[in-house]
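Take a look at these structures.
Same chain, two partners: chain A is paired with chain B first, then with chain C.
On to the complex of A and B.
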């Protein structure tokens, strides 16, 4: 018999970059942040991460079995969800927090909607939002390992304000292993006018209606010498990962740029409420601590890793810019005027909801026609 | 270099041209028996005008053009008509074919292969020479050239674009032709410009062929004159830069309106191979009986650019290039992005076969849900939403795709190349277009019946 050749329709070439390759690149891009977490918070932060990842993968397999669809755990998307969820959890949480969070993220936020590609909200952030409601004390305990690499709870040093170095030094002096402290963003939300008397070095305060943040504080926060969640404390490590994703063309610059620029701009423009001892006053316009808003909290992990999630972000470049601006606006509004110190999680979830509308508004103009296609369905 | 002209959209597949780009054009062996298909072009197949046992000369018309949108077919060798039968064609159809036994003499028919000076030909005469020579779009589209050169009353063409882009991976036939025969290409362009009475001629070349660009630029400068301005344009390396509409967009910054033709915006695009064939028809009185085929791919040991007679079995060309039949998984006529896969080694070379690839990759993939990465949207040269079309196609609602402008798709396959979920997007689009055409036909018939 003559040789048989394979017949398929064109194209006969396919990019090597499939879903698995994209997800593996995202995992690699998160590596610097988790390596820094290991150095800064010790092994328990990595144990939390491992629990989140394993639970996510197992939940994915179980869901696919229950839904009678093919197993696709080899595409690493559940691993990414697990990593991202762990990244936005505090380093001292109990084992059941990441466990429950991953089950909600994969089982409810992802598979109830039809699995990868069909979910409306970012699964990791849905997990985080659920945990915020279910375990508010665990999520917001505000306790952090005092020394690098240690996390055995023996005694606690409590001081909600102050710079990282000052708190670690004070904790050492009283022999404490754990510090209770506010994150830089929590400090921003409860700033007071100290009338010029700064008692605690490194604290953020208000003077003459302007929030005072020194460059060294901002630098500390950028490097990761601060308190915060496992994967989000070092803006530098996240920036490295973000640059890697941009270089590999996994993400485009549109969402991170629009997101960060909007936060910076509005963080600078908008007046923030503070306590002047008797009542609530507002800082002056155009004096906001915009750099602290940019490097502090979860903005970098949100802008580079969460908002850029392909499934839950718009497809066109203009849509991505709009989406990023919307995330930035909501983030800064929640941070300055809302009930939570951090607004990244809810802002992205809210904007995820708007994505189908953004996609509808930003349909490209079809070649050779006057306007965009607009099907009725 | 920073701001090369290009179109909006596009993707960057690996070009694989290094396999055959340095192989100079060589003549392929002319086989004992040639199978000349009657349908090598878009339009009505030609009608055989020879009988079995007739003696034929090279360049003699053996299939006569039927109507305006059709093309003559000539005998590629001298010899005897052995049989009139059927064969598979690279267009994926079966068609009538004339089998010619080669007598090895290669005697030209009377009046063929005679040098002549086309200086004094009128536009109409140039067009009829081109029609007589059976020239069709040699980039793969195979649309009869004389039809393209005859714009209807009231439409004027102000610019002729020669397509030397060759954006399909693997293919190198146009590249070699530009390097080895720049004069004939540019003289052919001048003939086309005279045929449609216009003064501007451009040759578009992608930036990954700087040597071809340089030589075309030099030749254009030498042959340029005040009433025929010629220039070579370097274009960004991007697929599908060589699409007709994309080339026009890149060079002239004009868009062909939906459902219309390039001539509606005063542009005419010809492949460099067609231009070479036009030169041969007008200067040498040689009808189209041979073409350059890039024979390449991972299963070919000695990739080459072969000057092959129309009607040569593709198996002969592949064996000439020491192709490994065991290793080859796929045979493709044309480029890997738009070319069709074939199985028949006896299938003949036709006028549109720019490449013949033997690939070792079966390229059969499972597909998954769309992950909305937007890469197909960024890559779509027609600015459609391929992801959305793929979802419409997957659910079988083909007729709904019409509202999403599916008919404006140029079927370049960029979306399918770039899709990380491995979705067969362009395949669904082609199905949808077929279903919509069927529906239109059905409605037209219904209207007629009423």
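On to the complex of A and C.
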């Protein structure tokens, strides 16, 4: 009886879509990445994910209890935060890393700022940034099970001489159970000029002032046949999820397109530092390994799932394009010239900070009214 | 004002760090561990007591126009004494406190107490005020220090809590961002305690005993009758609660 008459002010547009439906769709879109993680990294990666999700949901309930606001844990937003946080953690981290990360993400980054819809920064990325500062050694080292390296993808593409396959083989030869290795982006930041003598198959090196990355290496990284965090290794799985979200009209193409295009363009243009044995030299302009910058690291999960967070991204189309370009610029600058091999997390957080400004600059003029002015300082 | 009240108000009610929000610079910068916090707190307390003493003695003949430079000179004298004593007997602590030891000169608490209290009061209350405020400051930065040391290094006073306990430490808490985080969380907690206390006091004033059976009904005031512990929880925006005079904030 209570639901029979809904009295609201106009406009009387009705939709079945609500926060829960959107968040469930995001969970579904993330499913391929986590299925791939289960298959590549084994059960512990899913246990890490479960710890992150359960902690996020419990923290959300506790925060809402403390703040005397209605419980909205059933809208799946905390689940998405937990999933995204786990996606950018290395597999095989200790249990307390996702636990602490989820508490910070939900408790500090979300509820201290007013809860869903009021947070300035993406909660999952804030959790990741906190963990980066709190547990630098745990976050920056990951191990990969060697036995599970014998996977479906590697057996199909047996002729691909990627670094992952090489390391799996080497690990088996010496009887090791797990591998630890640099991610493709870490390899990119540490490239050296080997004067054409490549001793490790699949290694990234510099020759004649140009970073040499073969198509097979890029294909490996795109398929997820590489090293990286739980949810970000397979660009293919994330692309499937991103296309699903685009198809469901939960995200628009503006942010991912602007983000990925800027990274590709600047990754191609900008010269990167490398060691030529004696000193630091720079590669030539317009020769960067742009495809590796696009498929390697967390760009796809950042562009499709994190930068597009409805709360922390601009509202207008122009604003979204600007936001995406800014994220791309910061990402590539951090990757090539910064101290960290990966810049997606910090670039999105920094651009989240200026979203209110972008929103103000790009606010469309309402027909028949003067242009709204932005507050000065 | 009663001397006892002058002494104890710095502990909680007017705690310089958590209530007055003064002296936050050392409270954030040197609270990486309990040892540093204690050292800084005791040094600041010594300076505070001595400067309050001298300011109070000389309050009659310091010209009003140049009182701030005079206070600063007095404070700087005692900071120099502390610095030299520390250099002679506790060189490690002096090294750890670094620039923040000479910076006690510009600590807002010390100048604030000289300006707000010592320059207007007699000798004994001024010294007691300095002691109380100094203990309050020491207490506050020791709380921050112990929280940061436990979370950031899994140690208390430089001694590991468990064997091999470094595994659980979050290094961010002994870095600058952790200082702000720990400070913010502790402030939130103390504000919460303060709000609880104010609420209890307001309820007690109205003759309502929260959570202890049926509320005492004040028949002379009809608005109070509807308020009891049950309907105060979980109701947002249910109109003004009328508990505190002059406040029109909604009922929690």
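Operating definition for what follows: the second predicted complex is superposed on the first by the 339 of 377 C-alpha atoms of A that agree within 3 Å, B and C clash if a C-alpha of one lies under 4 Å from a C-alpha of the other, contacts with A are read in each partner's own complex, and residues count from 1 in each chain.
Keep in mind that, in the parts below, a residue touches a chain if its C-beta (ideal position, glycine included) is under 8 Å from a C-beta of that chain, and two chains touch if they have at least 3 such contacts.
Since we're looking at a predicted model, the values are computed, not measured.
In the superposed model, A:365 lies in contact with chain B only, and not with chain C.
Between chain B and chain C, B contacts the larger number of chain A residues.
When the shared chain is aligned, no partner comes close enough to touch A:279: not chain B, not chain C. In the superposed model, A:108 lies in contact with chain C only, and not with chain B.
Of the two partner chains placed by the overlay, only chain C lies in contact with A:68; chain B stays clear of it. Once chain A of one complex is fitted onto chain A of the other, the partner contacts of A:136 are limited to chain C, with no touch recorded for chain B. Once chain A of one complex is fitted onto chain A of the other, the partner contacts of A:96 are limited to chain C, with no touch recorded for chain B.
Common to the chain B and chain C contact sets on chain A is no residue at all. By the touch rule above, chain B contacts chain A in their complex via residues 11, 13-14, 169, 245, 249, 255-260, 325-326, 328-332, 336-343, 345, 357, 359, 361-365, 368-374, 377-378, 380-385, 387-388, 392, 397, 400, 403-405, 408, 413, 416-422, 424, 426-427, 430.
The residues of chain A lying in touch with chain C in their complex are 68-69, 94, 96, 100, 108, 112, 130, 133-136.
Listing the residues of chain A that touch chain B in their complex gives 2-15, 17-19, 21-22, 72, 75, 114-118, 310-317, 320, 363-369, 373-377. Interface of chain C with chain A (complex): residues 167-168, 170-173, 175, 177-178, 181, 184, 188, 233-234, 236, 252.
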